[in-house]
Amino acid sequence: MKEWRYWVAEQRGTLLACGIFLLMFAIYTSNHPAGFTANVVETAANKGVLLAFVAMAQTLVVITAGIDLSVGMIFVLTNCVASALVVGTPMQTALGILAVLVVGVLCGALNGAIVIYGRLQPIVATIATGAVFFGIALLIRPFPGGSVNEDLADTLTGKIFGVVPASLVLLLVIVLLVWVPFRRSVLGRGAYAAGSAEAAAYMSGVPIRRAKFAAYMLSGLLAAFGGLFLTFFTYTGEAAYASGNAYTLFSIAAVVIGGVSLYGGRGSAIGAIFGALAFRTIGDLLFVFDLGALWQPLFQGVILLVAVSLGAFGLFRIRNRLEWFL
Amino acid sequence: MSDMASHGRAGYLPGFLRRADPAVLTAFACIVVLLFLGSLYSRNFLSPEYLLQQLKVASFLGVIATGMMLVVLLGQIDLSVPWTITAGAMMACAAAAYGPVGTALAMPFGILCGVLIGLVNGIGVAYLRIPSMIITLATNAVVQGLMVVYTGGSSPQDTATPAMRYVATGSILPGVPNAVIVWALVGIAMVFLLTRTGFGRTIYGIGNRERAAYLSGINTRRVVLIAFAMCGGLAAFGGVLLAGYASKAAQSMGDAYLLPSIAAVVLGGTSILGGRGSYLGTVAGVILITLLQSILSVMQMPEAGRQIIYGIVIVAMLLLYGRTPASR
Amino acid sequence: MDDAVPLLRMEGISKRYGGVKALEKADLSVNAGSIHAILGENGAGKSTLIKILSGVVGPDEGRILLDGREVTFASPAAANQAGIVCVFQELSLVPELSVADNIVISDPPQRFGMIDHKAQRRIAEEALARAGAADIHPRALVKDLPLSRRQIVEIAKALARKPRILILDEATSALTAADVAKVFDVCKRLRSEGLALLYISHRMNEIRELADECTVFRNGHNVASYRAGTRSDDEVIEMMIGRQYSHVFPAKPDSGSASKSAPVLEARSLSWAGRLHDISLTLHPGEVVGLGGLDGQGQRELLLAFFGVLRGLGGQVLIDGKTVSIDSPAAARAAGIGMALIPEDRKTEGLMLPMTVRENLSFASLDRITKAGIVDRDQEQELIDDMVRLLAIKTAGLDIPVGALSGGNQQKVVIAKWLMRQPRIILLNDPTRGIDVGTKQEIYQLLRKLADTGAAILFYSTDYDELIGCCDRVLVLYDGAVRRELVGAEITEHALIASALNIEAEGQSAMQEVNA
Amino acid sequence: DPEIVSGPAAQADCFVPWSADTQFFKYPKKEGPYRIALANGYIANTWRIQMVQTAKAYAAQPDVAAKLKEFKVVSTGEDVPAQISAINNFIDSGYDAIVTDAQNPTAFGAVIKRAKKAGVVLVAFDNTLDTKDAINVNVDQKGLGTLWGDWLVKYLPEGGKVLEVRGVAGTSVDTDRHAGVQEALKASGKDFKITEVMGKWDDGVAQKAAADVIATNGPFDGITAQGGDTGVVQAMIDAKHPFVPFAGETENGFRKFCHEYAEQGLKCTSAGSGPAQVAVAIKVAIAALEGETVPQELKLPLAVASYPDLKEGQDYFPSESNNFFVGNSFPTCGINFSAQEIMGQSKEDQ
């Protein structure tokens, strides 16, 4: 095999997700009454980036062969915290942002501690911590409200030079500052190894607990970036139970569309970002196709079903039935 | 050590006792502790009326969790439970609009709809090898779409039939709600299925290692398909009961059952990775969750506190007995 | 040398797993610059000993002295630090990572706190070359490699860690002669570099060739240590199994007597996915037919093809002279066909480890022991009793997890679960891998007994001795095709190796005759 | 930008300002026909489905249809950002007015700015927006709570134990209604002991919560519930709880019960916000585009029906589903849909 083939094989999931997204986005913008304009892209980007953060957060945990059903609640909780703290002078705002991120990291650390050191199954552990996070969010914000530094918010949700959505730039920066270093670090590799074959990794002397713990903490951090950005986008905080759960489920869908294996050890946060953008575009398609209002949820459901079934096409190429069970 | 053929008879304990692990016992102990704590707040928590009422409410979750347990034993999960419940309820009520025949067939029809949803899940998981977490998420969205279209598109009949009401709220044995009897029957059937039938063995086998089960000549895909269909049917049955209980079907009725049904199964000691768990544990888990929710609700705890305590109690109980073994 | 402090001493090591004493007051002493073989039956405690040595599990009692100083290892990483590196019996590679990632996994080269891919690649290439596997691409994913290649990667990974003590726990069990030879070269080179090697294997010839010192384990305790070459094989085996040991292989019937009956299984021009080419063969009741050749030449695929696992098969399969299409193991085991497959990897393909011995034994026969879907427990018990007796399965009970049995007994459970169906055609995929000599012998005898009662057996083995000792005929595969058929006295080590390597030799003309 | 003018509004019977200090808007007159969009959020409950159906029916009425070039509906689910983005998209696509049932009252600041800049009329109803820059149409949620509280005070002159079944925690609708109930009971000066549970506007949840609390804290002298009322009554029946005065919403099932058990003590007031308020919202949007004066906050009358005046065929429909909100007309605005008409209409429609 040529070198580039190995690269393509490694990136297959990501490339596929990227392809799906580009196709869907092309369909969307070419049918949009306003067309492919900076405003339309900005709107789509803002909405997509939010989910992209949560999906990245989910990815980190999924890579370790875990799942985080509390990720949406961390997102909601940090949104509520941000709506209380990220205001005032630039200094206060900066400290507020720091506090929000710390809250996210702490939530992730709590999950990690319970799963890794408490040895509980991630699914149930995070169902439970999700309830706790939501409860705290509700304490902070019994009703929707609060505020945020609007100048900063407008900058980050607006356009740079009137063209490039600032949200995409922000996302890129976070990817470069958080994901890439993690991916290329020993701990990052450890997280993959633990997700792929924990016992083997342990026997090989990989620091799997530390690696998984780091993954959970960074997951909390990324979810907090999501919560922060939600606050910039909405100017407020809200302890919304339904949307917390919705983001959790969306993030799982995004991660899968993004080529991240739910069995752990395979996939990348970049893929999950494209998965998130593609998932969001499913919703946007409602806007350009003239569907009866009552048919819209069904339409979204069917597209989602098709998108997640795409991976199944590979199945027909399988010629050894034992490969079903990998 | 010599050949141990003679040991055979010792294995003749009833299945549920043989499998009764410390987790199940601890779960039941937790129930007692919860009741005790509740009784400190109000003596009424120990009254027979309250306990029967709890059992009745628990039986809806119980029926739903039964199906969930089946797929969890396979190492899978069913996230389509919320709208499967709703679809079961709505379709049962819808059938009642079609004269006496419709009324008579309402319950089976509702359950059948759940089975169909389960079949779609099962095909996705077993034949298309899509991770269950994701295919069931998608079918949930599709069923939601169908129900929204149904509710808005044709004048819906959403009143439960008298039979549904009777099954959910009547009592054929004095003092014992029918719903509890229904759950008991479902539970007995499930215990029998899991411990005495070949199908039950293959469920555990597949949950442990599907590859080995397949190479043993088991049609594992069919078993997975059937398990999902049963899970769908049981969720829909839960919906039918709920509709009977509330005497009507409503869109959001399934939302409150997804996470509790998973939590109940796991609190009962069933491994979320599949292959290990007993029905008795699920019973304990269901009662635990139901009691916990009820006690927090009645204690006038504000929602925020209720969520926090709910989460902490679940983690605490799991730390008590739900930990995976240490690797060293 | 004897009065010098040994590089490693283990003293009074004990370890229990629940009620099982895996080790009891075991001692071991290893010198630098030597290869030390550990021998013993399945379940003798060999793996447990080295797991303790390499920090995977902690001992209940006893101490480890390295250079005369007492050490304790809290983790494999700690043992690595001290220069102890182990190639485990259960592979410790991470399938989703690349070969290079795996080779450097315990201590990747770093620059600015991040993994240095260039350096990692260099290390990997070097280690692969030292292990004699320069053909493996460092970027290939481990999960895409066949088992034999993985074992080589595992060895390369161990070498990259620059060990002082290198432990190979059945590291060659899935390797063919050619690969084994390469590994031996490596071992010998390392010895000359002053390393200590601990070598565990059930293959006597390997130990004969390689070892300087030997320690024999039985029932969790070291029963003897001796310099290599000072004991005969039979003596060693008797130490291991603690009883008299004679003929390994049962006598074969007159060659050709079986092939006079009508074939039960026949393949005509089977081909599949570019991995099997135009394979034709016949299998008669009462025959043991071997599949030979280098590992990975299509033998496994051929067995899977018969067993209904492969899709898109070309050619025909005939049972009792009638064409059949078998599309699943369920169809293969059905009445009228009656096939059984003892799979390659008992842990993932043969058994459900956490389930009980009972459940595993009857798992393939559930259809036979259920009436209206309900398990008939009395009938189940009877069948299980028969099988436990027939195969002399050693277990502390039928209701303990099968995973608690030793490897050899696990393998017996796999075989028993299929014999319970009384199959007419038995396909075996390297069934004695990692099995001690005593158990192997029992299996050979069993196979012959089954053949004598009319079963047809198709037997793939990576061990040439086995093919020679057991088989009436051997089909040697090369690149997915039958290269040569050896019958009766033609089955010699020389012929097997020559045709496996596809060497132009005197075999060539004979082969053409066969094909004609 | 709308000009801020003084009242009264055009069509003053319908466009009732919220309070004395409510501002009035006059938008620059635009030529019709108009492109109007409805940006709904959540869709999967009967109230919302009824609302969407009413919107479609209203837009299809000949006199309304004549003024519309396009009427588009999008439901984005419970996710606030998705709804915000939908509105942004409508603005960017040049719609003249956007009507919305907002998932969150405070999150739409940036959208409101953007709509204002683009000269788009933004009307929120039901779940309205905390803003002075868009038009809000709603019933008085707190007033609804007050109405319920007053009803209980009237029937329990000596005070007593009251069960309050609340809605979804954290929503303004729930908080406002709750505050209304509490204040009314407190204002009575009588001794009321209130037990609260969360019913989530859902019959099943409300029924379960009510059954629990009846078993542990019952019996009660009076009950108030927002949403899920049918389930609460069902829980009383199942627990053989005596029938007591009940203040609740407008579900048909609830009203059927109220009728059936009135003589046994289930004396009800049934009041709430009809889904038809969407039609009022559209009506205001058109008026604004036509350059008429409209109030910034518009108060709709509550649809109330109380013991002993519940009329069959008008206030409740025995042969119809339990599951729709009966109060669905605003006669002062000329909006007179019956719920059955709405829920049945689309059969021919599709």
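Lettered A, B, C and D in written order, each chain numbered from 1.
In this section, a contact is a pair of C-beta atoms (placed from the backbone, for glycine too) under 8 Å apart; a residue touches a chain by one contact, two chains touch by 3 or more.
Just so it is clear, the structure is predicted and the values come from calculations on it, not from any experiment.
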Query raised in the report: If you count the contact pairs for each chain pair, which pair has the most?
Result: A-B
Query raised in the report: Cα centroid separation between chain A and chain D, in whole Å?
Result: 35
Report summary line: Whole-angstrom distance, CA centroid of chain A to CA centroid of chain C, is 44
Report task. Express in whole angstrom the distance between the two chain centres, defined as the mean CA positions of chain A and chain B. Result -> 30
Requested in this report: Please list all residues of chain C that touch 2 or more other chains.
Outcome: 56, 75, 309, 328, 349
Requested in this report: At least two other chains touched by the same residue of chain B: list those residues.
Outcome: 144, 148, 152-153, 211, 214-215, 303-304
Report summary line: Shared-interface residues of chain D (touching two or more other chains) are 43-44, 49, 52-53, 169-170, 346, 350
Requested in this report: Just spell out which pairs of chains touch, all of them.
Outcome: A-B, A-C, A-D, B-C, B-D
Query raised in the report: Any idea which chain A residues touch chain C in the complex?
Result: 1, 3, 6, 9-10, 181, 184-186, 189, 192-193, 195-197, 199-207, 261, 264-266, 318-322, 326
Query raised in the report: What residues on chain D touch chain B, complex-wise?
Result: 43-46, 49, 52-53, 169-170, 195-198, 200-205, 207-209, 211-213, 215-217, 230-231, 234, 238-239, 253, 321-323, 340, 343-344, 346-347, 350
**Report entry** Of all residues in chain C, those that touch chain B in their complex
**Finding:** 56-58, 75, 307, 309, 328-330, 332-334, 341, 343, 348-356, 358-359, 362-364, 366-367, 369-370, 373-375, 377, 381, 384-385, 388-389, 392-399, 417
Query - Residue ranges of chain D touching chain A (in the complex, touch as defined) - result: 38, 40, 42-44, 49, 52-53, 56, 72-82, 84-86, 88-89, 92-94, 103-110, 168-172, 175, 346, 350
Query raised in the report: In their shared complex, at which residues does chain A touch chain B?
Result: 67, 69, 114, 118-121, 123-125, 127-136, 138-139, 142, 199, 202, 249, 252-253, 256, 262-263, 293-302, 304-305, 308-309, 311-312, 315, 321-322, 324-325
